[in-house]
Each structure stands twice: as C-alpha cells, then as structure tokens.
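Read through the structures below before going on.
Both complexes shown next keep chain A, but they swap its partner, so chain B is in the first and chain C is in the second.
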Partner chain A sequence: MSAAWQFYFATLIVYLGVDILAVWGLNVQFGIAGIGNFAFIVFQATGAYTMAVLTLGPPPVGSFQQYIGGASLPFPLALLAAGLVAGLLSVVIGLIGLRRVRADYQAMVFLVVSLIATSVVNNLTGLVNGPAGLSLIPKPFAGLGFGLVSYDWFYAGMTMGVCAIAYLFVRRLTRSPLGRAMRAARDNEHAAAAVGKNILGLRMTAFVFGGVLAGISGALLVAFIGAWAPGSWLYPETFVFFTAIVVGGAGNDLGVATGALLVPIVFLETTRYLPNFAAPGVVDALQWVMVGLLSLAFLWFRPRGLIPERRQRFKPDPATQRRPAPVLASGPAAGEKVGLDD
Partner chain B sequence: MTDLLSATDVHRSFGGVAAVDGVSLAVEQGSLTGLIGPNGAGKTTMLGLIAGALKPSAGSVVFDGHDVTGAGPTRIARRGLIRTFQLSGEFARLTVLENLIVAAPSQNGESIFKALALGGHSWRTQERELVRSARELLDRFEMRPKEDEYAGNLSGGQKRLIEIMRALMAKPRMLLLDEPMAGVNPTLTRKIETHLTQLRDDGLTMLMIEHELGVVERLCDRVIVMALGKVISEGTMAELRGDREVIDAYLVG
Partner chain C sequence: MHLLVASIGFGLVTASILAIAAVGFTLQFGVTNILNLAYGAIMTASAFLAYAITTSGLGIWAALAICSVASGIGCVLLNRAIYTPYVRRGTGLFGMIIVTISVSLVVEFTLQAIHGSSFVSLSLPATRSYHFGAMVFTGLQLAIIAIAVLAMLCVHVLLRYTKLGKAMRATAADPVLARSCGISTGRVIDLTWLVSGAMCGLAGVVLVINVTSFDTSTGGEFLIPIVAAAILGGVGQPYGAMLGAVIIGVSTEVAAGLFDPTYKDMVSFVILVGFLLLRPQGLFAEIATQKEVVA
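Up next is the complex of A and B:
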C-alpha cells in the first residue's frame, strides 16, 4: 500500500474511533435514557477546545490567535481534562435543559443551546479565537521519533485503545441496574417516578456520562487534526451521530458502533467521490440531505436499527446453576456470568 | 385501627375548574377502601395529589405520620406509597421480568459508582435475589411464561397485571390502584379480584378507584363517594345503596 493510501486509512480509523466514542456517549443519553440531546456536538467541541488550550501553551503576545488559559499539559492529562470540562458543562446544560421540560421540548432547548454556543464562540473572540479558530495544536507523542505514516498508524491504534477502555465502562453502564432504570425512565417517566426512581438524577447521570465521552472524543480528534474552529461543529453534525444511532440500533452498544462505521465513515466517504454535477457544491449539500433521508428511511422501515437493543434475559433459575454461588470475598471469577444471560 | 393515610381539605383546580374541591378522606391501616364516583368526579386527580404527581393548591396529605403534602412522586414512592396507572404505565421496551425487577427499591447497581466499578459486579447477589422474588410474583399471577416478552407486546389485561406486580415489587406499605380492572375481560377481572383479596388478607392497605360497583361491593370494606370534586358520602356499600345523593350522582352526574 502506498504511503498516501496508508495515510488515508489510518486517518479513517482515527475518525472511526472518534465517532464510535461519540455515538456511545450519545447512545447513553438518547438510546438508553431517551434524552434528545441535539446539542451533542457542543460537548465534543468543548473537549476539543479544552485539549487545544491545554496543550498550546500560553498565547504569545501579539500572536494571530487569542484564547483564554493556555497551558502545556501532557497529552493524557489534557485528555482527562477535556472529559472533565465537557462533563462539567453537561452538569450546567443538563440542569437547564432536563428540569421541568417535557422530552420533546428538551430537544428544542438543546438545539437552541447548540446555536447559542456557536454564536458565543464566534463573537466572543477572546475566548477561543472566534471564527478563525485555533490551529497549530501540537501532536501528542511527536517526540517519540515516528515517521509520518507510522505516526498516523500509532495514533489510530491509540484511538482504538481509548475506545476499548471506554467500551468497558459503556458496557457496564448499559447492562447494569442503573442502565435498566434509565431505560424505564425513558419508556415511562411517570411510572418510573411512581416506583421511586429519581428521574432527574437518572437523566443527569446519563447526560454527564455522555458529555464526558463526547469531550474525550473531541480531544482525540483535535490533537490529530491540529485545528478546530466553529465551522467544525455546526449543529447539523449532531444529526450525523443521531443517524448513526438510528441506523445501527439505538440502545445497542455494538449496534451504534456499527452505525458509526456505516454513516459518518462509509456513507459520507464514498459519496465524497461522486462526480459533481449541476452547480459546484451540489454533492456536498446532497450529503446532508441523504443523511436526513437515511435517518427517515430507517425510522419508517427499520425503527430499531440494524442491531436492535438487546433483550435482557435472565438465567432460567439461579437454583439450578451448575456451580455453587461464588463466595463474596473472592468475588465472581473473571468472565463468569451470574444471573445475567448474554 | 389507625389511619395510614389521611388527606385534609385538599384543593386543586385546573384553570377555572375545581377538579378537587376540599376533599378529606382517610384510609385505615390494613383496609381496602374504594373510591367511586361518576366520570369527572376528581377521583384520579385526587389519587395524583396523594401520590405527588400533582401538587395540591391547599390542604394536607399525611402518610404514615409524615406530612407529604406537595412532595414529589419519587419521595412519596420511597415512603412506600405506590400508585398504579389508569392507562397502562408499563415500560414497553423492557421485558416483563425487567419491568418487575426495576421497581425494587434501593438497588446497589443503580449507583453510578457501583455500576461502573471495574472487577466483579457488586450488585449481582442482590440482582439474583430480585430475579427470584420477581419470578415468585410471576408464578403467583400466572405470568411466568411471559417473563421474556416485551411488556409493550402484552394484551391490555396482562398489562394491568404487570402494573400490580410492579407495584408489589416496590415493597409498598400502601397501594393506590386506579381502575385496576378497566378494560379487562371478566375471567381476568375475577382473578385480579382474588389477588387483591389475598393482598388485603396479607395486611396490605389499599385505596382503589373502581367503576364496577359489584367489584367494589365484594372487595371493599369502606367506600368513599366523590362527585364534582367533593366527597358526597362514605360508608359500606350496603349503606350507600340507600343513599339518595349517591344514586343521584351516578344517575345524573
């Protein structure tokens, strides 16, 4: 494979990993907890800006880019900070959007939050350099002596590693009693409250968890591409993630990851190479149209997606287990499934 | 006998309509009390006011010695006052068994830290217990064969059963039942009656809205009659049959 192709595929893998992290975050919010977070991209952007500001160092006097803060943290710390800041913003936005508002109106509130965020960042130029955005964001681990192509493969591998770690937590959440309570609140919030579930608490937990993942995904993306501006996170980007979830199967971790492969990667990449016709930019514009239509088509014909939410089955009867129940002190052995049936 | 639940002079209006207009009622510990009245009498609104789904504009609600006036549904449910819904309130995309298990109070695995903790799942032991007690309930209500079915796919009558079983999983001290037999065929109605009688004999306190007076007569110790947002009468069904006002409310109201 030529260097150009290798570069292309490594880049696609990084994008795939970033998109998978993002759809897992949005899936916990939307697929599991039923929150239509149409401001999702804002939390990814927050993570990206945090990574940029925390690795760019203090802005030099008279520099072409102005931003607040500015530090030279090592990459892993900046990555965690990006998750933290996006999580904190989720607390604030969640408390505004998730209280006292019905689900359909929540979606409107979040869409408006997305528009406000773009407007604020564009106009408050001292914050993160306004519409011009930030660039020259340093590449992490660049000093390790990688070649140009091997660095991209390294970064692709690291992104997948972060995905693997994230999956451990995502899977735990979706299969835990907490995830079950979130799904109950999604299906019928009044009934869930009537059996003592704290609806706001469950939604806030899902919202912040998703926000942290969004922040980490944005941080990984920006450290790879080296630049970030308001044009990278306009509100329609959120719809690509929603489409990925609807296509892949809302509520299913592996389903939405498949959706992340099929929609932002396979679908948007293959249509990029269609020959342009009519006016310049027609194909680009049609991509957005097609993403919307894809979403609609699935909602009509296959609303549960390609890999639907798992049906949780429980072992026929705990009393008939082959082995005696594990002693608590030692804990269940690795890989042992107690009670839940995969 | 003491009153487990008492409401005093509760008011609630929607716009200009006084849906509940100064209702006082009490439910004795261990009793199955009926709440009847024509459509629009304010029965369901009253139930919502007791359960915290709606806030009263005036009056007070005391449950088990605690003033719960204006408390939210979550807090009231955690005190052990559990309601069921007139229209099916099942969790449609959860299985029947999950619908029951999710209702159990104080689950370890609902804490984000326990849910995400690496290593063994600290909530598995409790989960196994919950599965066991949920299955006992399913056996008792003859719904065990449906345990893996999505609740949304059940018939109307089966959804009513889910509603009752789920309320029982929540470890209630008292149930508020909103027409538990609405839209259920006669055979299942008899079954639900038997279950409710059994629960009453086990000592569970219940307040039940019901339109079928025959059912009310068979099940309820005491009956409260509402019309136009007020309590117009109360007593045993036999006493009420001779009450002119009650008959008028049903025939005219």
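Up next is the complex of A and C:
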C-alpha cells in the first residue's frame, strides 16, 4: 500500500473511532434513556476546545488567535479534562433541557441550545477565537520519533484503544441494572417512577455519561486534526450521529457502532469519489440532502435499525407467582424488579 | 434616549416579521401536533422563490402573494405526502422530529445545490423614509408592520369568529372528541397547513425584504427567535406567540442598539433559558401533554 493510501486509511480509522465514541455517548442518551439531545455536537465541541486550550499553552502576546485559559498539559490529562468539562456542561444544560416535557419539545429546546452555542462562540471572540477557530494544536506524543505515516497508524491504534476502554464502560452501563432502569424510564416514565426510580436522576446520569464520551471524542479528534472552528460543529453534524443511530439500531451498542461505520465513514466518504460533475460545493450540499433522505428511508423501511435493540426478557419473579414458590428459589434481587417486557 | 427610541422602532419591524412567523409555527404545532422544524427551510425556499420572481421582472407585491400561496400549498402537500404517512406508520414524537429535520436538510441543501452558497438581495422599489420622533421607518418597513397587523387581525378573526377557527381550536384541544362531534379533522388539518404554510411563506419574504442580503441558511437561522417567541407564549398558543414575538423582537433590537449587535441572539437565548427554568409552559398555556399526533 502506498504511503498516501496508508495515510488515508489511518485517518479514516481515527475518524471511525471518534464517531463510534460519539454515537455510543449519544446512544446512552437517546437509545437507552430516550433523551433527544440535538445539542450533542456542542459537547463534542466542548471537549475539542478544552483539549485545544489545555495543550496550546498561554496565548503569546500579539498572537493571531486569542482564547481564555491556556496551559500545556500532557495529552492524557487534557483528554480527561476534556471529558470532565463536557460532563460539567452536561449538568448545566441538563438542568435546562431535561425538564419533563414532550419528546419533540425537548428536542427543539436542545436544537436551540446548539444554535445558540454556535452564536455565542462566534460572537464572543475572546473565548475561543470566534469564527476563525483555533489552530496549530500540538500533536500528542510527537516527540516519540514516529515517521509521518507511522504516527498516523499509532494515533489510529490509540483511538481504537480508547474505544475499547470506552466499550467496557458503555457495555457495563447498558447491561447493568442502571441501564435497565434507564430503559424503563424511557419506555414508561410513570411505571418506572411508581416502582421508585428517580427519573430525573436516571436521565441526568445518562446525559452526563454521554456528555463525557462526547467530550473525549472531540478531544481525540482535535488533537489529530490540529484545528477546530464553529464550522466544524454546526447543528446538522448532530443529525449525522442521529442518522447513524437510526440506521444502526437505537439502543444497541454494536448496532450504533455499525451505524457509525456506515453513515459518517462509508456513506459520506464514498461520495468523495464521485466525479466532480457540478460546481464546487454542489457535492457537499448533496451529501446533506442524502443524509436527510437516508434517515427518512430508514425511518420508513426499517425504523428499528439494522441491528435492533434486543428485547429485554426477565424470568418471572417467584414471589409474584400464584403457585407457591420453592423456598430457596433464587429470583432476581429485590431492587431489580423492572419487569417491563416490551 | 434617542438611541433607545430608534432601536424600539427597529424592534417593531423585527417583531412584526417574527409575529407572522411565530404565529404560523405555533398554529401548525397546536392544531396538527407536529413540531415542524422544516419551518425555517420553507421560509428560505419562499425567499428564494421571491428572488426568482422579482428578478424575472414582477414586483415585490406580486412576489408576496405568489410566495404565500405557493408555500401554503407546498405545506399541505408536505403534510399529505410525508408527515401524515409517517404518523400513520407509527413514527413516534421524536421520530417525527427526525423526519422534519430531514425534510429541512433536504430543502435547504437542495436550494444550496441549485443556487450555491452566495448571498443575494432582492431588488426593491426605493421608498422615502418616515420619521416618528426618533423612530425612522422606510416605506417598506411600514408596509411590513401593516402586513403583520393585518395578518394578526385575520388570525384573530379566523380563530374567534369563524366556524373553521372554532373547528381548529377544537381539533387542537382534543382531536378525538372533535371528530366524534362531527368535525372533519382531516379537512381542518389540511386547512391549518394551508393557512400556517401561507404565513410561513409570507414571513420568509418579509424577512428578506428587511435584511440587506440573504443566503440559503437565512431562514434556518431565524428559527431561533421564532422558537423563542413560540416558547415564550406557550407552544401552540397563537396569542401567546404574538406577545412573545413583540417581547423578543423589541428586546433583541434594543439590546443590539444599546450594546452591541452581536448580543442579538444572546438576548433571545437568555429570555428562552429564563423561561425554560421558571415557566417552561410559557406565558399563556399549560404545556401540551404527551399526546400522539393526529393522523
């Protein structure tokens, strides 16, 4: 494989890893807990800006870019800080957006949050350099003496490593009693509240968990591409993740990862190789048209996605059976009685 | 003081545009129960239709009329061809949001593919300016205010004094009960899309009459103050949306005039966040409960 192709594939693997992290985050929020977070990209952007500001160092006097803070933290610390800051922002936005309102109304509120965040960053140029964005973000571990191509393979491997660690957490969450309680709150809020589940607490947990993952994905992305501006996180980008989830199968960890492979990578990358049949910009615009049509098609023909969420099945609890149960039967623990079969 | 009064004048113009848009948006949602986030994209489509009409030599007034009618019919077709079939297929409330955003992307970026991403402006007749104290309006801006007042009066008469308006309010309140009372809810919903779609088209044209130049994302960006005004008044409440439009329109322009134009959107945002925290159901209404969309 020539160096150019290797470079290309390594880059695609980094993008894939970042997208998978992001859709897992969004899937915990939307697929598991039922929160239609249309401001998701804002949390990814927060992670990216945090990474940028914490590794760029203090802005030199008379620099072409201005930003607040500025430190030269090592990469792993900055990565964790990115997750932390995005998580904190999730708490703040969650307090506004997770109030008990209709699903569509909530989605609209988040959409407005996303639009406003773009406008805030564009207008307060002292914050993170406004519309021009931040650039020259240092590449992590550049001092280890990698060649140009081998560095990209190294970064791709590292991204996949972060994905593997994140998968352990995501899997643990989605298959745990906590994850079941989140699904219960999604499927029937009142029933879940009636068995003593704290609905707002569950939603906030899912929201912050997703926000942290979003922040980490943004940080990984920005350290690789080296620049970040409001143009990289306009509200339709969130829609790409939603399309990935709808295509892959909401609520299914591996399903949404498949969606992340199919929509942002396969579907959007292959269109790059179309012959340039029209004026510049037309293909880009048509890509968005196709993303819209793709999610319309999936909602119509396969609304549960390619790999649907598995139906949850629970053994009947012996304590509630009419027949007297054997004394030593081991049913589910008392706290785990979710019993929502559909 | 002079600056304050002058910016209130600008605010009245913005409020007028916003009122037309927000009342259409909220009427659509209140009666059909579909939160149509493609609203901004349809405004843009209507603005570009107006651009095509005015460049072909017809006047701006002809463009206003044609765009309203076209947008109204377009919205009826959009509902018949896309929204209703999805609702009948069992797409939930959140699924419908994805449907409306998909439609929005398709409309906005199809326009961009055809037109490109350059800014254009309408060729408008030159009008003299009118002074009311410190407020200055161009003739076109006065016309916009007049159109908005007329549109609001029409909505008021429609909702309060006509059988159709009564049927709309009944459908909004309880579609099943309305149907069993003999109201043809399907026809009412079609007519609602026609009326609200016409207001959407009208809003798109008056919006670009008032700005110096626009591109394919102009309508989508205007969705922020529209949504802010609609939430402020209580989503689904036309009178609330009128009040919300005046509050948002005037306060954003006053903030822009007194401090800095970049704070315009932030003011909508602060008002919006404040309302979401303190009174999420809006000024007028109890919040719409979890009811499903009428098919």
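Quick note on the criterion: the second predicted complex is superposed on the first by the 305 of 342 C-alpha atoms of A that agree within 3 Å, B and C clash if a C-alpha of one lies under 4 Å from a C-alpha of the other, contacts with A are read in each partner's own complex, and residues count from 1 in each chain.
As a convention for this text, a contact is a pair of C-beta atoms (placed from the backbone, for glycine too) under 8 Å apart; a residue touches a chain by one contact, two chains touch by 3 or more.
No experiment lies behind these values; they were computed from the predicted model shown.
A.B. asks: Where does A:Val266 make contact in the superposed view: on chain B (first), on chain C (second), on both, or on neither?
C.D. replies: The answer is neither, since A:Val266 touches no partner chain.
A.B. asks: Going by the contact rule set out at the top, does A:Ala3 touch chain B (first), chain C (second), both, or neither?
C.D. replies: In the superposition, A:Ala3 touches no partner, neither chain B nor chain C.
A.B. asks: Is A:Ile165 touching the first partner chain B, the second partner chain C, both, or neither of them?
C.D. replies: Touch status of A:Ile165: no partner.
A.B. asks: Go through the superposed model and pick first if A:Leu77 touches only chain B, second if only chain C, both, or neither.
C.D. replies: So A:Leu77 meets neither chain B nor chain C here.
A.B. asks: Have a look at where A:Leu254 lands relative to chain B and chain C in the superposition and call it first, second, both or neither.
C.D. replies: After superposition on chain A, A:Leu254 lies in contact with neither partner.
A.B. asks: For A:Trp288, is the partner it touches chain B (first), chain C (second), both, or none of the two (neither)?
C.D. replies: The answer is second: A:Trp288 touches chain C but not chain B.
A.B. asks: Have a look at where A:Arg99 lands relative to chain B and chain C in the superposition and call it first, second, both or neither.
C.D. replies: Once the two structures are laid over each other on A, A:Arg99 reaches chain C alone.
A.B. asks: Looking at the overlay, does A:Val91 come into contact with chain B only (first), chain C only (second), both, or neither?
C.D. replies: Once the two structures are laid over each other on A, A:Val91 reaches no partner at all.
A.B. asks: Would you check which partner chain A:Ala142 touches, where first means chain B only, second means chain C only, and both and neither mean what they say?
C.D. replies: The answer is neither, since A:Ala142 touches no partner chain.
A.B. asks: In the complex of these two chains, what residues of chain B are touching chain A?
C.D. replies: Residues of chain B touching chain A: 51, 53, 72-74, 77-78, 82-85, 89-95, 97-99, 101-103, 105, 107-112, 114-121, 123-125, 127-128, 131-132, 135, 147-148, 150, 166-167, 169-170.
A.B. asks: For the complex, which residues does chain C have touching chain A?
C.D. replies: For chain C paired with chain A, touching residues are 35, 37, 82, 86, 89-99, 101-106, 108-110, 112-113, 116-117, 221, 223-224, 227-228, 231, 235, 262-263, 265-266, 268-269, 272-273, 276-277, 280, 287-290.
A.B. asks: Which residues of chain A touch chain C in their complex?
C.D. replies: The contact residues of chain A facing chain C are 34, 36, 38, 95-97, 99, 101-105, 107-109, 111-112, 115-116, 119-120, 123-124, 236, 239, 242, 246, 278-279, 281-282, 285-289, 291-293, 295-296, 299-300, 303.
A.B. asks: Along chain A, where are the residues that touch chain B in the complex?
C.D. replies: Checking each residue of chain A against chain B gives 168-169, 172-173, 176-181, 183-184, 186-188, 190-199, 205, 209, 251, 309, 311-315, 317-318, 325, 328, 331-332, 338-340.
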